[in-house]
Amino acid sequence: MAKFRWSLIAALLVLAACGGGGDGDEGSAAAEGDEFNTPVTEDDAGDPVAGGSLTYGTYSESIGYDPTKRSTSYGNPAIYDSLMRFDDAGEVVPYMAESMESDDNVTWTLKLREGVNFHDGTPLDAEAVIFNVERHLDPALASGAFALVEPIESMEAVDDLTVAFTLKRPFAPFAASFAQSNGIGIIASPTAIELHGEDYNLNPVGAGPFTFVEWIPDDRLVLAKNEDYWQEGLPYLDELIYRPIPDTQTRQQAILNGDVDLTYMITATEIIQAQEQPQLTVLSARANGGEGIVLNDNIAPFDDPRMREAFVSILNLDVIADVRYSGQRDLAGAIGLISPDSPVYAPEVEDIWPAQDVERAVELIAEYEADGGDSSFTFVLPNTPDRRAFAEMAGQFFRDADWDVTTEFLDISEFVTGILQTGDFQAAIMSYPAFVGEYPQMWNAYHTTGLSNWAHFSDPDVDAALLEAVSATDPEVATAAWQEVQVLVAEKLPFATYGRPPSAIITQEWVHGVDKYADNTLFPATLWTSE
Amino acid sequence: MAEDQDLATQPAVEMDTVAPDVTTASEEHLPGGSPAGAVSTGVLQEDPTQPKARRKKLAIAYWCAIVWVVLVVGSAALAPFLPLPDPIESDFSAIAKPPSSSHIFGTDEVGRDLLSRSIFGARISLAVGLASVAIGLVVGGAFGLMAGYLRGRIEKVIMTATDSLLALPALILLLTIAAVLGQSLRNIILGLAVLTVPTFVRLTRASCLVISQREFVTASRSYGSGPIRVMLREILPNVFPPIAAYCFIIIGVVIVAEGSLSFLGLGVTPPTASWGGMIAGGRISLTHTPHIAMVPSAVMFVTVLAFNVIGERLRKRFDVRESSL
Amino acid sequence: MRNVARQVRHLLIVLFIVTVGTFLLLDFLPGDPAAALLGETAQPEQIEAVRDELGLDEPILTRYAKWIGGVVQGDFGRSFRTNQPVLDNLANRVPVSLELMFLAQVFALALAIPLGIYTAYRPGRPFDQITMTLGFGLIAVAPFILALLLILLFAGWLDLLPATGFVRWSDGPLGNLRSLILPTLTLGLSQVAIIYHQLLRSDTIATLQADHVLMAKSKGLPTWHILVRHALRPSSFSLVTLTGVNVGRLIGGSVIVEVIFGIPGIGQMLVQSIYNRDFIVLQGALLFTASAYVIVNMLVDLMYAFLDPRVQHG
Amino acid sequence: MKSPSSATPREGPLLEVEDFYVRFDTDRGRVHAVNGVSLSLDQGETLGIVGESGSGKTVLSRAVMGLVGDGGRNHVTGTVRFDGREISSLSPRDLRKYWGTEMAMVFQDPMTSLNPVKRVGAQFTEALRYHLDLSRREATERAVDLLRSVGIPEPQRAVGRYPHEFSGGMRQRVTIGIALACNPRLLFGDEPTTALDVTVQAQILDLLKVQQVERDMALILVTHDLAVVRGRSDRIAVMYAGKVVETAPTATLFAHTRMPYTEALINALPRLTGPTHVRLRAIPGRPPDMMNPPDGCPFSPRCPYAQERCLVEVPPLMPSEDPEHQFACWYPVGTPEWTEARDRNTHRGETAAGTQIVKEMV
């Protein structure tokens, strides 16, 4: 087994981002675009070369390229870019926008750059931004980014390039909302939306580095170089192709034999196997997010904190590391959704979070039963292969604790609509996919009104801390509040995290200039190929 | 006439009575009275069979096959009483270990003994394979016979129903059955049976169409035999052998199909072991720990092969057409 | 002409049963399309809005009538999820699925017919036993394993073929064929070839016992002539039947192969539309697979009469 | 393809079979189907081979022609000479050159011996084109001629028909036509009329006769029915248990029957002359088990005249005063030994084999 290099890579990324000449490492800040502090990983391949085509293998297919669609659309950063960006330290910085500022977190001023045009030639101006935000607000479109725009009270175009937002309440992460991977910083051409109507989803027009050529679902998305890109000299590539390769093993072979030039990988096995190949580069970082079991706070037995503690106590993290993460111990055993690499991480949660202790679990269960409770429950999972593998392992945890558990598998749609949406379950497996920043994911996961608070967890202290975190003007106060949320959650345990979702971008040796978030959202303007 | 029938039962004569596609049932009705036909031995096969040494080898294969099937079926039946590790119990200190002295077949990705799982898996897989093929054969065969022999309105109805079933992609049916009725062994057998029925209907009907044109069928009908008698006594014995050959293959296919269901998340619910499910589970790590998928594949391969060796032999024994080979 | 009319009527009846059947069947499926579309963070009012937008609150018969009315006018509706017109989606995928199905069938038959006839001619010989053993080996190796092994061998180890991805015919016939070699091998080998082979072998053994074969032999005709010109046709009833049946299976059922090799065919469209409860897409895809299946099997029925002139039709 | 033997007829018999054995290994044991048969046949001659079902006559004719090959579980020994050339040692490939062109066979059941899925014309032309290298048109013309010569009405149309569109008799005419297509010098008729109506039988037999005479062809008529060969063969060989038990020119056989089995067969014939109310005499018992043939004379268990000697000693096929007439019997019918044997059995009420004597039998 090759030595695992997660931390090394993370360190490398940080080094590269800081722009300081690394000791021994050839990492250096990107030549282009460093005025925005764009974290581009570099190697010693020399100066970027323009031209060529790259193929990016992704693990799933999108449902389209309308920014209001609820799906991970790998092509969106290429087609649309983003008004704001996270830099590598997790700070929000302007990107396609000139600036975004607020003094009180209630009124925000967004300034746009001069001369940024959509692919159809129309300008990306204040009206365009407002048009897009309004779409997210439209209930008929049921946008996935609704939570990001919900705080908006009103907005107006001060001039062609300035938008003033007035919020209902102080809301600190508002700028970050324009930097999120699936956030509201993705601006589509209003002209095109009006022109294509229902078909816009299939004919996206943005202002990003690549223009849409064709999309054949389950086959490929073809993009071509935007000759009128707002960043001079970019993009380098003439063509960029996205190909969904849903099968893990095939995806792995596709990168091994050069069918694709870079891939997005999501299982520990394939990432480790890629690391064994000297010709491949594995780019990874520990993003926020977590895989775990939702323990329904509304329904017995997990309405009782003792039972939640018992559940966490039976999780054998070493085994989870072996079975679920191919032996990668540092992926297993996530505590809450915030990664230790995050600037707001609260290290004290490590002492609060219950350690594996089957005896303790048995005691807690006995205690609960003695009080007249029925500790048995049904554990629901979607019937996908990786979930089945998890269930096989978890079954042994339950048996070791002598816990009477029924395991039930459901069709993925039924799982989502009949379990998560209705809240009619006791324990269900679920993942919070990788994310950068804290809002809205943390809010949604833990706030009483949170959209992804499937545990129906409701705690006034947590709600208050969340509110403080999002409204504080002082970043220190906000960080402290985020940390308090983590501590409270580690005490109350609504969501029994057992690991971080693995993900990495793997590239061939001829691929350079990878610019990505920690959650592996790829911004392809700086990509270039030495072949 | 009476004498001829006596002759027909004489073993020595049998080799001489080989009107090619005419079984004993039809001989009685052959016009002309005499069952005398032609020796079909080596009609075309210049060397139709094996020299002695090879035949002996075949006999060894046959007995090996029987031993294997007895072993598999026997151990599956007696599995709970055998000194085996619990097929569900994980040994987390031995995850995905290749075969060794403590685990002869190795362990799977959650540290369960593959030998034990293969034996317990045989219970499920054999049940799935045999039951769904049996249902498919009986139901499909019956409808196919009716459609091919009775023709007319009955055929139209049966074929329309069959076509509708076949035109519906298998997965839709299985997904719906799983989602509506729940994911259980019974429903998996049911689902796979529903998939095999139309194939059997079509196959039986096709053969039946041909056989129905044969003279002995007309003859039997002219003797006043009712349709049921004709179907059972005249047509069925002729239609059966090729269909039976297909059966033995399809059992293997169905056992694997259960694995494909697992691959799509519709198979037997964990932690219950089934060969197909084990193969599907082992696929994830095929490059690193191939034994997890290969052990059940090998067990299944030998079992399917053994079934076919036995099936072939039985067919030779009971099928007049091949008895002289 | 009367025959054609009757066949068309049969087709329409089957299509009617299939579409009505699935409409009803899907109604039983737990998981509301609108809710499925919006995913795990959907709010009840959003779901209601989408239900309204998609017309899901109407009675099922009304929905069916609307859908079938549209189909008759050439409007197959739009996907709930992507808004893509179903017809466009089909137009992209049908050629892919048809090509794959065709290649797999041709490959399977090209392998099974010579082998089936030859092993029937020399049953029990080592060659026969080897083919049979290999064949059952292929059955025992599940298609999803076989696909992976082929990828490892041809794409990984030998590095001759792409592991995944589909190249359109219009982007180069050579690349198109190259991209379909492994899927074709998987589909053809995993089940079809061995079943065809076994079926043909068993039927041919029976045919070779027939008097007319002896008669042909007594005419002094060469063996290959007897096998191909005399034995093959009467022996191919089951084979032709199964080939027809498999058309349906291969068009709609090659999901695993499509997913593994990243081929944008009907199979993926069917499965994903079920997973997503995107019923309009599902109905459109079913309409295609069912029509293709029924039409091919009409041809199979006509083949019977060609194979054996004694089979009358009516 | 060129005929393997020269066109000019040579001296000596056309077909000679010597000491011919055919045995099959089955799962139940070895079957002795033909046990040391010798025959000979001249150009233009007709030989009738007569015997019950299971007597080995069909196997004999097929094995002589080479259709039952030696090898595997089949064991064929003995010598077959055709036109002076030994063909029993030829490879299947070389033997094939004789089939159709030198020797041909008409099978019992025209329902099954024609390929049901090929047009009649094609079944003619394939052999013509293969052996005689004719063009498609020439072959079809030839087929039409042949069909006409075997008495098929509207032969032009008939070539386009399938076998099932013909009646049984017509079909047999077609198979005869096909067998004759390449002008064979020897035709085997394997119960060619058994499957046909009595009226049609005569027509078919007449047709064979006419064709035989026209082509100066030798004919071997295999049948279980003595009546079939009575008026149509020059010589008759009676087979029992894989052996020829009596052979003689037809007239001699009927006039001076020597073998009790032949006598029994003749007695089983309906008589055209004499009292019509006489019951036909069935032959009691069953043919012997070919897997375990009895010691001694194979007919002895059923023979009303069987003596002790018959049970232990196999009678050889021996010539009588007439060298053309041979039979295998220790107590030939009509001899004093026979009279003695018959009387002894009548006296003790059973044969030496223990078979009850029914009055009618003797």
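Order of writing sets the chain letters: A, B, C and D. Residues in each chain are counted from 1.
Following the convention adopted for this analysis, a residue touches a chain if its C-beta (ideal position, glycine included) is under 8 Å from a C-beta of that chain, and two chains touch if they have at least 3 such contacts.
Computed from a prediction, not measured in an experiment: that's the story for all the values here.
At the centre of the protein atoms shown, by the Cα-centroid criterion, sits C. For the criterion of most C-beta pairs in contact, the winning chain pair is B-C. Distances between chain centres, each the mean of the C-alpha atoms, put D farthest from chain C. Distance between chain centres (mean CA atoms), chain C to chain D: 54 Å. In this assembly, the C-alpha centroid of chain A lies 50 Å from the C-alpha centroid of chain B.
Chain B and chain C have centres, each the mean of its CA atoms, that are 22 Å apart. Put simply, the C-alpha centre of chain B and that of chain D have 44 angstrom between them.
Counting partner chains per residue, chain D shows two or more touched chains at residues 62, 67, 107-109, 112, 164.
Among the residues of chain B, those touching two or more other chains are numbered 19-21, 38, 43, 45, 47-50, 175, 179, 213, 263, 280, 283, 286-287. The residues of chain A that reach two or more other chains are 249, 411, 414, listed in rising order. For chain D in complex with chain C, the residues that touch the partner chain are 62, 65, 67, 96-101, 104-105, 107-109, 112-118, 126-127, 130-131, 162, 164, 175, 178-179, 181-182.
Residues 248-249, 252, 269, 273, 316, 318-319, 322-323, 382-389, 391-393, 395-396, 399, 407, 409, 411, 414 of chain A are the ones that touch chain B when the two sit in their complex. Every residue of chain C that touches chain B in the complex is listed here, in rising order: 10, 13-15, 17-18, 21-22, 25-26, 28-31, 121-126, 132-133, 136-137, 139-145, 148-149, 152, 191, 194-195, 198-199, 202-203, 205-206, 208-211, 213-214, 217, 223, 226-227, 231, 237-238, 240-242, 244-245, 248-249, 251-253, 255-256, 267, 270-271, 274, 282, 286, 289-290, 293-294, 297, 304, 308, 310-311, 314.
Taken in their complex, chain B has these residues touching chain C: 18-21, 38, 40, 43-45, 47-50, 54, 58, 151, 156, 159-161, 163-164, 166-172, 175-176, 179-180, 198-199, 202-203, 206-207, 209-210, 213, 241-242, 245-246, 249-250, 252-253, 256, 259-260, 263-264, 276, 279-280, 283, 286-287, 293, 297-298, 300-301, 304-305, 308, 321-322, 325.
Every residue of chain C that touches chain A in the complex is listed here, in rising order: 29-32, 35-36, 38-43, 45-47, 49-50, 53, 78, 81-84, 89, 92-93, 148, 151-152, 155-156, 159, 162-166, 258-265, 268-269, 272, 275-277.
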